[in-house]
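The two complexes that follow have subunit A in common; it is paired with subunit B in the first and with subunit C in the second.
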Partner chain A sequence: MKRALPILAVLVVLLAAIAIANPFFLEPAGFLAFLKRAAPLVILAAGQYFVVVSGEFDLSVGSLVTAEVVIAARLIDGDESATWPVLALLIVAGLLVGLVNGVLTTKLRVPSFIVTLGMLLVLSGAVFLWTGGAPRGALSEGFRTFGRGGLGTLPWSVPILLVAGAAAIWLMRADFGRTLKATGDNERAAALSGVRVDRVKIFAFMLSGLSAAVAAILLGGFAGVSAQVGQGLEFSAITAVVLGGVVLGGGRGSVLAAMAGAVTLEALFTLLNLYGVSGALESTVQGVIIIAAVAAGAIRLPRKPTPRRGDAHAAS
Partner chain B sequence: MPRPKAAVAVLTVLTVLGALVAAGCTTDKPTATTSSAAPAASDQASGTGDQASGTGAQSKFFVQADFDAQLAMRSQTPEGPANKPWEQAIAPKMIDTARYKKDGPYHLCFSNAAVNNPWRQVGWKTMQAEVGLHEEIEKFTALDAEGKDDKQISDIAELQAKGCDALIVSPNTTATLTPAVKAACGKVPVIVFDRGVETDCPVTFIKPIGGYAFGADAAEFLAEKVPAGGKVLALRILPGVDVLETRWSAAKVVFDRSRLQVVGVEFTDGDAAKTKSIVSDYLQRHGTIDGVWMDAGATAVAAIEAFEDAGLPVPPINGEDQQDFLQKWKDTGLTAVAPTYPTYQWRTPVIAALKILKGEEVPEMWNLPQPKVTSENLPAYLKPNMPPLHYALCGCEDLPGFPENWGGKRS
Partner chain C sequence: MDLLTRARRPARRSYGGLASHLRDPARVVFLALFGLVAAGWALVAFDGGQFLTLESVVGIQQRSAALGIVAIGQTLAILAGSLDLSVAYLISLTSLVAAEIMAGQDRNAGPAIAAVLAISALVGLVNGLVITRLQVHAFIATLGVGLIIKGVVDHLYDGPAGKVPESFQLLGYSRVGPIPVSAMLWAGVAVVAWFLLSRTRLGYRIYAVGGNEEVARLSGIRTSRVIVITHVLCSFCAGIAGLLLAARLGAGAPTVGTDGGYELESIAAVVLGGTALAGGRGGVAGTVGGVLLLAVLDTLFNQLEVNSFAKDVVRGAVIVIAVAVYARRGTRRVA
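Showing the complex of A and B:
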């Protein structure tokens, strides 16, 4: 919680600024609409957090989201009865892509950066080849309910977000979370102290794949089938995680802060939009955030020497 | 060693960010999303920016003469068979092609800008089917430039070495492809369609009326249907792309003359989720929006859903002849219009090439009719068994393989 404080402060300021520009934001419906819009990115950021804190990257989530939405539309093709089987298939496909990313990274020792970049290209190429550039088919109403519908004024995205968020926090408090952080902090030490490093990392990648599947279900539901739905999401997710103070390279940062980072990023975009700033600035803003956040992290570190008795020689 | 680790991370992230942005620019060409003929826009616009209507300054791509010509063409009756609009031409100035006359069978070649969006996909399938109709075409060689100018330049050079009898070009961009087309003109008869080039060396240039007519059709509909003083939201894909700028600049002229209030001109990147979010934001801010103008129909359904999800009636709106929009229109009884940039224009270059090789006259500027879908003719264009991203004005219904090859189902 302590780690999440700075980002929460920034978030509060941004939310206040939005409320000033748009009083409707303070009403439950307005705020819920904002949460609904933020939900996919927050879930993706939680998934990305697991990978980042273990010292890796997952760049494949954006094209995985696109692939899942396009596949869902083609398989469902407007047929209501296909909704649930396809939903299950999407979850399995997300986990599977994560598994492949994880296995290639850990067992073949290919840097995750390369593995997931390759996966990004493979997936986007495969989607293009399969669709020939234009998605076919249509999502069923049942499928779209998750991203579009709701219980009265409460959009389904919000309870889904809360459950996913709670699960992520719970996971990080369980043994898995501690071993994951230890792995990211110092893989060697973690391995020597009995952590099954490979297994932990593979699981982190699978969680990221799962989060992409859930995000795809919400995004596809929100606005329907599109071949651009996942474009740039991997960077939004990484930006959100970094914005939450999670250190690229692993070992430090909390999942709550990562998710708060995603809400903050979404709030920032909403604010820019409210003040009529062009959408083209979004990528610039993300770029600046990534550089600034990592630079800030790197500058702070030398000021905090941690002299410990007896390990002067071990310090690097 | 936290510090080097972080530095490496920054570097790697930046590298990929750069690579991805670059990739995004080449694979997702905004021009291709809606593809429209590009008038060689070089002269400064003479249109005046009327700030009062909220439309901002006039686009630097605006050319008054082209605007006037396109708007006039809308009311002219095209010549040619009425049931085959892809063979019709508006006010054609026929030219003699006897010097290209040649005995068959023929080898036709095609340099395609891209097939990376639904519009081009439908068109490309239609063109292939048209080729299949003609026995005298012995060989059809097509190269896809994948939205890259440099690839298309080498594609055109490569095709010249393949012994083509005629070369069809759908240029990726106007200015950059001009020298390549000029070079090809010396060797084979060249037919250009969709976007133009800055040379008159091709035998014929085929295009529908154009972007000004598209934008004006939609804006005039709103000016008629939305009560005076009504708030109109204009949604555009991207700024600075000539083929989209013409659509908006024509709409701007119409809105400036009308009594409508344009409360926002927003860019959607052609993204459905973003479109829906933008419309939702405007509904929150303004309470109500009385009309929606769009420079392309791909995200029209997303805009409509924003009204539905907010529990508001959908105001007058324009889309395009895409199946999902037409279906929504019929199902919910929208007040709507759909200007088109017909995909049937992909049939015409093949027909033109054969005419040229047989020494028959063709129009120097082949302006195809550009119909709009209205509530009266909607039933004729709506084909319930076609996929959501199909373009209704494909002119492909009589071609072999319809509807399966276009992704449709036989009912």
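Showing the complex of A and C:
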């Protein structure tokens, strides 16, 4: 929790700044609209957190989101009755991609950076090979409700987000969470004390795949079908996780802070929009803030745990 | 290249025989390249064409030159245990800087090249200092610097800008016999990097820092300085690639680097060449082989007129399989 404090402070400042520029933000409808926009990234960040805290990367989530949305559009093709089977299929597909990522990483001992980079290429290639270059078909209204509609003023995204967040926090408090963190901190020590390291990591990748599937369902409804829907989401998710104080290389940080990092990132985009920073310069500000936030975190941290600067540079 | 691998692995000479030769990823990748060329030749011949025409050989070299130069820089960064995600944005930036300063005038080529190298050095310095002084993970540091460059470029430019004079465009297109000038440039960069890694103190320090930073520090190496230098060199390579692409396009373009996907492609080429992503093991020879392998694969697909999306699928699979094979070979060595 201590590690989550700085990011929560930054988040409060950003939210206050947004509220000053746009008082509508303080009303329930305004805030809920913000949460609805943030939900996919927050869920992705939670999934990415499991992978990062176990000491790995998942670069495939962006193209997985695109692939899932394109697959859904082609399979549903406007047919309302196909909604539920396709939703189930998307969840299974997400878990399956995570399973493949995890198995390749742990059993073949290929660095996850490479496995998920390969998966990124395979997924984006395969899905457009199948649809012939551009997304085809359309999503049904029932499918789009999840990302777009809601109960009165409460968008469906918000309860979905809360359930996902609660599940993630519960998972990290269960045995799984402790073994996952132990694996990320020192894989060999964890293995020697009886953790089934491979199984834990594979499960982490499957959770990341699952989160990508849920994010794809929300984004498909919210943003519609396009070939760019998931573009760059892998970097955004990793950025969000790192903003939350989670250490690349594994073993440190909380899932709550990772999700707070995602909300902060989204708040930052909203704020930049409000203050009329040109769309292009947005990425410059984003770059500066990521570096500054991570640097501040690294410097504030006392060096008392094991000196692990060596790990800080290992990409796998 | 033999010298390089031998210098790196004195202990392994004692094994002898074919098996030990095959344990070296750089040799595996060239063997795979040879196999692919043979298979490609057979496939295309079966299809009724000719695989290794002068045209396709020149095409392979030209296609791989820019990626090859970037990948050599990336090799240095990865060997030192770092990595650089900012190269794609830097390539876009330097192509614009070069074309804008040249403005179609021959006599401006010198200042333009100087400016490109200066900017590259600055970006590399920032990358290296953020990683070492601010202790930001290389992934985040270079991604952040890349985003900063992207924002500036997108803010200033909407489309292609500047003009490269005819004489400088020769760099992109002219060739001596079957060898394009761009490929010679690539070879030159590769030789310099090889010499640096295998014949200089800095090279040994890069391997030491990538192998184990803490041990390197305790043995008296200024690890921060080594990391900063590799990042400056990596950015230099990206700058040279930017010049090359500007010469080929005849102008600078704000998306030339990201469209080529140079950041992830170059990392993929480096690991395909057998360099360990965690650093400390590998070399330039493997990277050259990795880039050529990707280019031959591309050419083969083009000649067989395979769908371009299938290319991505095969490419992704090849990269993962290759690294899995190396990981398997490495098991016997790792204690």
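Going forward, the second predicted complex is superposed on the first by the 281 of 316 C-alpha atoms of A that agree within 3 Å, B and C clash if a C-alpha of one lies under 4 Å from a C-alpha of the other, contacts with A are read in each partner's own complex, and residues count from 1 in each chain.
Here, contacts are C-beta pairs under 8 Å (C-beta built on N, C-alpha and C of every residue); 3 or more make two chains touch, one makes a residue touch a chain.
Just so it is clear, the model here is predicted, and its values are computed rather than measured.
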A:L108 contacts which: subunit B (first), subunit C (second), both, neither?
second
A:P135 in the overlay: touching subunit B, subunit C, both, or neither? Say first, second, both or neither.
first
Which of subunit B and subunit C A:V122 touches, first, second, both or neither
second
Touching A:V225, do we find subunit B (first), subunit C (second), both, or neither?
first
Applying the touch criterion given at the start, work out whether A:F176 contacts subunit B, subunit C, both or neither, answering first, second, both or neither.
neither
Between subunit B and subunit C, whom does A:F235 touch in the aligned arrangement: first, second, both, or neither?
both
After superposition on the shared chain, which partner residues are touched by A:V285: those of subunit B (first), subunit C (second), both, or neither?
second
A:N22 in the overlay: touching subunit B, subunit C, both, or neither? Say first, second, both or neither.
first
With both complexes overlaid on chain A, does A:G249 touch subunit B (first), subunit C (second), both or neither?
both
Show which residues of subunit A both subunit B and subunit C reach, each in its own complex.
57, 59, 113, 117, 128, 133, 235, 238, 247-249, 278-280, 283, 287, 290-291, 294-295, 298, 316
Please output the residues of subunit A touching subunit C within their complex, sorted ascending.
57, 59, 104, 108-111, 113-115, 117-122, 124-126, 128-129, 133, 235, 238-239, 242, 247-249, 278-288, 290-291, 294-295, 298-299, 307, 309-310, 312-316
Which residues of subunit B touch subunit A in their complex?
1-3, 5-10, 12-14, 16-17, 20-21, 24, 28, 114-118, 120-121, 239, 264, 266-278, 280-281, 284-285, 301-302, 305, 309, 324, 387-389, 407
Hey, which residues of subunit C end up touching subunit A in the complex?
78, 80-83, 130-131, 134-141, 143-148, 150-155, 212-214, 227, 264, 267-268, 271, 277-279, 307, 309-317, 319-320, 323-324, 327-328, 331
Name, in rising order, each residue of subunit A that touches subunit B in their complex.
22, 24-25, 30, 33, 37, 57, 59, 113, 117, 128, 132-138, 148, 219, 222-226, 228-229, 231-232, 235, 238, 247-249, 270, 273-274, 276, 278-280, 283, 287, 290-291, 294-295, 297-298, 301-302, 316
